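These are the structures in question, set out in turn.
Same chain, two partners: chain A is paired with chain B first, then with chain C.
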Partner chain A sequence: MKGKYYIQGLAAITPQHTFEGNLFSQPLVSTGSNVFAVTEPDYKTFIPANSLRRISRLLKMGLTTALKCMQDSGLSVPDAIVTGTGKGSLQDTERFLKDIRQYEERALNPTPFIQSTYNAVNGMIAVQQQVTTYNNTFVHRGFSFESALLDSMLLLEEGVSHTLTGAFDEISAEHFYIKSRIGHWKKEMVNSAELYNHLSPGTISGEGAVFFTLTAAPTAQSYARVAGLKMLYKPSLTALTTGLATFLSQYGLSAKDIDLVITGRNGDNNFEHYYRQLDLGLPQVSQLPFKHLCGEYETVGAFALWLGAHMLKAQQVPQQWFPMVSQFPATLNRILIYNHFFGDQHTFILLERTAAPAV
Partner chain B sequence: MEDLKQKLKVQIIEALNLQDTRPEDIDDNAPLFGEGLGLDSIDSLELMVLLERHYQIKVEDPREGRKILQSVQSMAEFIQSKQPA
Partner chain C sequence: MAERVFITGMGMITAIGDTVEANLGSLRQQQSGLGFTRYIDTIYKEVLPVAEVKHSTAELSTMAGVPNSPEYTRTTLLGLLAMQEALQQAGISDLQQEPTGFINASTVGGMCDTEKVYFDITDAEKEGDFLKYIDTLDCADCTQRIADTVGLTEYITTVSTACSSSANALMYGARLIKQGLLRRVICGGTEALTRFTLNGFNSLKNVDKRPCRPFDQQRNGLNLGEGAAYLVLESESLVRENNSVILAELSGYCNSNEAFHPTSPSPEGDGAFAAMKNALAMSGRSMADVQYVNVHGTATLNNDVSEGKALERLFGTQVPPFSSTKPFTGHTLAAAGAIEAIYAVLAIQHQVIFPNLNYSEKMEELSITPETRLLEQVPVNTVISNSFGFGGNNASLVISKYEG
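Let's look at the complex of A and B:
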């Protein structure tokens, strides 16, 4: 895809202080519990009290992030709402399943069932903003956000003026336990700030909600341009290398044209070989790992895109968040994001400065 | 009856997550929907579930439900009428 897709607004609720204020002066938040929970804002400013009492945590996070994103872009009614989630509202799903067992499939409360459906956040945004246009939620594990992004790019290609594109996922104690049984998390407790020094099986879990307003035309306020997207399912190391080279050459680029790579490195030695393979394909290119900021979850790619867009607009890196990195690039024209979800879903996203010089 | 109404108020607050409401804020005869607590149709479903879970009473007829859920007083009277003498 060679179209032009611009990030016009964005917002994020993550374990870091990302919802308000200047991110370049926010301190690094860390955890020692292997579960990285989001820093929640005051939802009352965004959601009426009568709705707030009924909706669960992930819905509050998703809806509030979407509303903040629209505020940031000056848009109140997007042409399309497209999101991705790996798990939807776990809190509601768990409550509903527990109720089924406890009340022997009788006297079931409808609210957690309604809210446990994956498209509940989209529905709430549409109701609150009176949006009756295209509305879609993708649930494809580690490709969930990227599928939403691809769909948004296709919509813009077809002539839609703007899309509200986002991702949201939460972690619960029960889900953390379930995933620990299949080896997703480290057995030893690790401080998130030291994640990359603890190469061992598993990583730390995370959560977050991130939204973008995408448009087909840039403005002075645009953060960055989404220049390309590629998804690879369970590639071999050779296919990964070839995939990267093909992806860059598709845009007339090579490794030397990339100023920074945001990598999904997460201290999990079961899948570290993919990142090492990437190092070989991008020698001498500065790298920023980001999972020590937000943990691992299906739609974490949205966090990387949010971070990259901010850096391209501000032409700086929030250096206080990266004590493990000694050198940062002086200028940022092109950022490559590479992430994979436990070795299965691999994604490349190419992000450019809005007025990046031609190659 | 007074004990039942008090218990019912606590259960309503918990079931509907009425965070800023205390049992003493709910008038026995005040309408639960529209004015009063300002509840809506989803809340009415939750109150039906409350009756089934806590009092093993299933309201089958929606028209009957409308009368029962008018106020805490009407709910308490209905519950009492269904309990064995």
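Let's look at the complex of A and C:
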């Protein structure tokens, strides 16, 4: 994919205060519980009260973020809605499983079943905005959002005007417990702001909803351009190094052309070696870890992209969010995002300033 | 100019057969796969017919060459068997020779097995082997286990758009080829029957206690089914290079949305109309070229009215023969699009149109009726295959005979 794709609008509901206001002046929110829940906005501004009562938490998060993103973009209804989610509406799945047991399969309320469908958020956005064109949902752990992003890039190449591209995942107490049984989370309680000082098995859990409006041409309002995307499935350390070098050289770049790397480091020493391998391939490039802001979940790549896009447009880092980082780059032309989900799905996203000078 | 996309291999397993050949045989013998479940633990065991694959999960694991592997769910095993056949039929022995993508589809992942142990998993008092199922809770698990077993490593992902999932997987794979990201992609879906889904559709009052009757005035809902199907898609240049045998061409496709209701289509079939119309336009074929439509035809009250109206709007008085094969296979949800895409290829390969079983009375809303006979030796060069799902998600594929 050699085309350029521009982020024209964006919105995020995350554990930080990201939905409204200027992110560069928002305080750092932290948690000591190993579960990072989103800071929920007032949904009533976006969803009528009678609908609000009927829909579950993830659907509210997803729909509201999508609507806010479209507002932010200033564009009319999108030509496509493409999303990624690792778990869909977890609370609905849990509820329907419990209802089946509790009511012994009789007289069940279908709502949790309907809302547990992975593409339920997409369907709601389509109804609300009357988007009758392309609609797709990817559900592949750490590739969910990135697959949606790739699909959107394909659509823009095929000539659509703009896409609404997003990701959403939630965590529940029950699911947090389930994943703790296979070692996803740290056994000791960690202050999220101190995450990187606690290298031990497991990480902290999180959630969030992030949407983007992507266009094929830039405007004065564009945040940044997505210049490249690569997904690597279960790479060896060697394949990761080769993958990074190939990815950069595909765009005529080398490590020195990258101003900043946003890394998915999460304090989990089971998988830290991948990030160390990346350090070797990108010596002397400034790094920003971000999982202390949102925790770990399948579609966390969307958070990283949101953060990178804001920084490229504003040409600054929200430094108050990064007390653990001592030096920040002076100019930001090119950001590389590298993330992986528990060692299986590895992703690179190359993000450029809209007016970045050519290399 | 974007490359053409050809189908060069197929594999499947459904209630009417463990292979493509066996499916064709059952279709020709008009042998339905519907019956009562042997493997789901439900109070509807002898009430709601389903189209279940006729092997226990243990038998499936032996058939797939991975015996005694409890972490391979029924969803994974159905998919693995279909994948193995597809690779074999396409003559692919070494996946490393050509970067090969894998676009899978699933609606509830490993729920078939996790629902049996879910309350043990959430119970801190309990320990045991069931903890192995935790990874199978999501839709990616089956995809990755299939990929890892056969050695697929590129562009692995999973689509979930309810009942249109695998049609969308095929579309996405074709687009990866057309834009030159890959020259070969294996696409399809896998679905195992679950108590979760059976209760879901039953709570919507969408499940018929009798064998389903698509496009019949007396139809009263769907029957669920299970199965898996994969199609090997290759670019024209790869086909030329390898001298691959071309089974058919995936000449057109379109995904459109009803934007109407979470679980119901629009009464006039706007989404179905747009999906078929645009897919046909992309294929470069005319209305008159379409000789068979394998309809979504779930036999729910809403689907058949809406899809029928869309056919009438698109084709006017010249609606081609159409049939739903759901009375054979049940509604296999995420696998349905790929299973029926294979039936479309079979229709072209064998110049046959499959009958719509269980039909007796014309729907009052429609002037058209489905093809109820098995038609042999009829010209079938272009087929439309429809898959429509929750969230208003409509997908139509156009599959054409390869004519150089």
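Note that the second predicted complex is superposed on the first by the 358 of 359 C-alpha atoms of A that agree within 3 Å, B and C clash if a C-alpha of one lies under 4 Å from a C-alpha of the other, contacts with A are read in each partner's own complex, and residues count from 1 in each chain.
By definition in this document, contacts are C-beta pairs under 8 Å (C-beta built on N, C-alpha and C of every residue); 3 or more make two chains touch, one makes a residue touch a chain.
In this text the structure is predicted, and so the values were computed from the model without any measurement.
Aligning the two structures on chain A places chain B and chain C next to each other without any clash.
By the document's definition of touching, of the two partners only chain B reaches A:53; chain C does not.
Within the superposed three-chain model, A:87 lies in touch with chain C and out of touch with chain B [touch as defined at top].
In the superposition on chain A, contact is made by A:108 with both chain B and chain C. Touching more residues of chain A than its counterpart among chain B and chain C is C. After the two structures are overlaid on chain A, the closest C-alpha atoms of chain B and chain C sit 8 Å apart.
Shared contact residues on chain A (touching chain B in one structure, chain C in the other): 106, 108-110.
Considering their complex, residues 42-44, 106-107, 115, 118-119, 121-122, 124, 131, 134-135, 137-140, 143-144, 147-148, 153-162, 168, 172, 175-176, 179, 181, 195-196, 199-200, 202-204, 255-263, 270-271, 274, 389-393 of chain C touch chain A. On the chain B side of its complex with chain A, the touching residues are 15-20, 38, 40, 42, 45-46, 49, 52-53.
Within the complex formed with chain C, the chain A residues making contact are 1, 81, 86-88, 96-97, 100-101, 104-106, 108-110, 113-114, 116-120, 122-124, 126-127, 129-141, 143-144, 147, 151, 154, 157-158, 174, 177-179, 181-182, 231, 233-234, 344. Every residue of chain A that touches chain B in the complex is listed here, in rising order: 49-50, 53-54, 103, 106-111.
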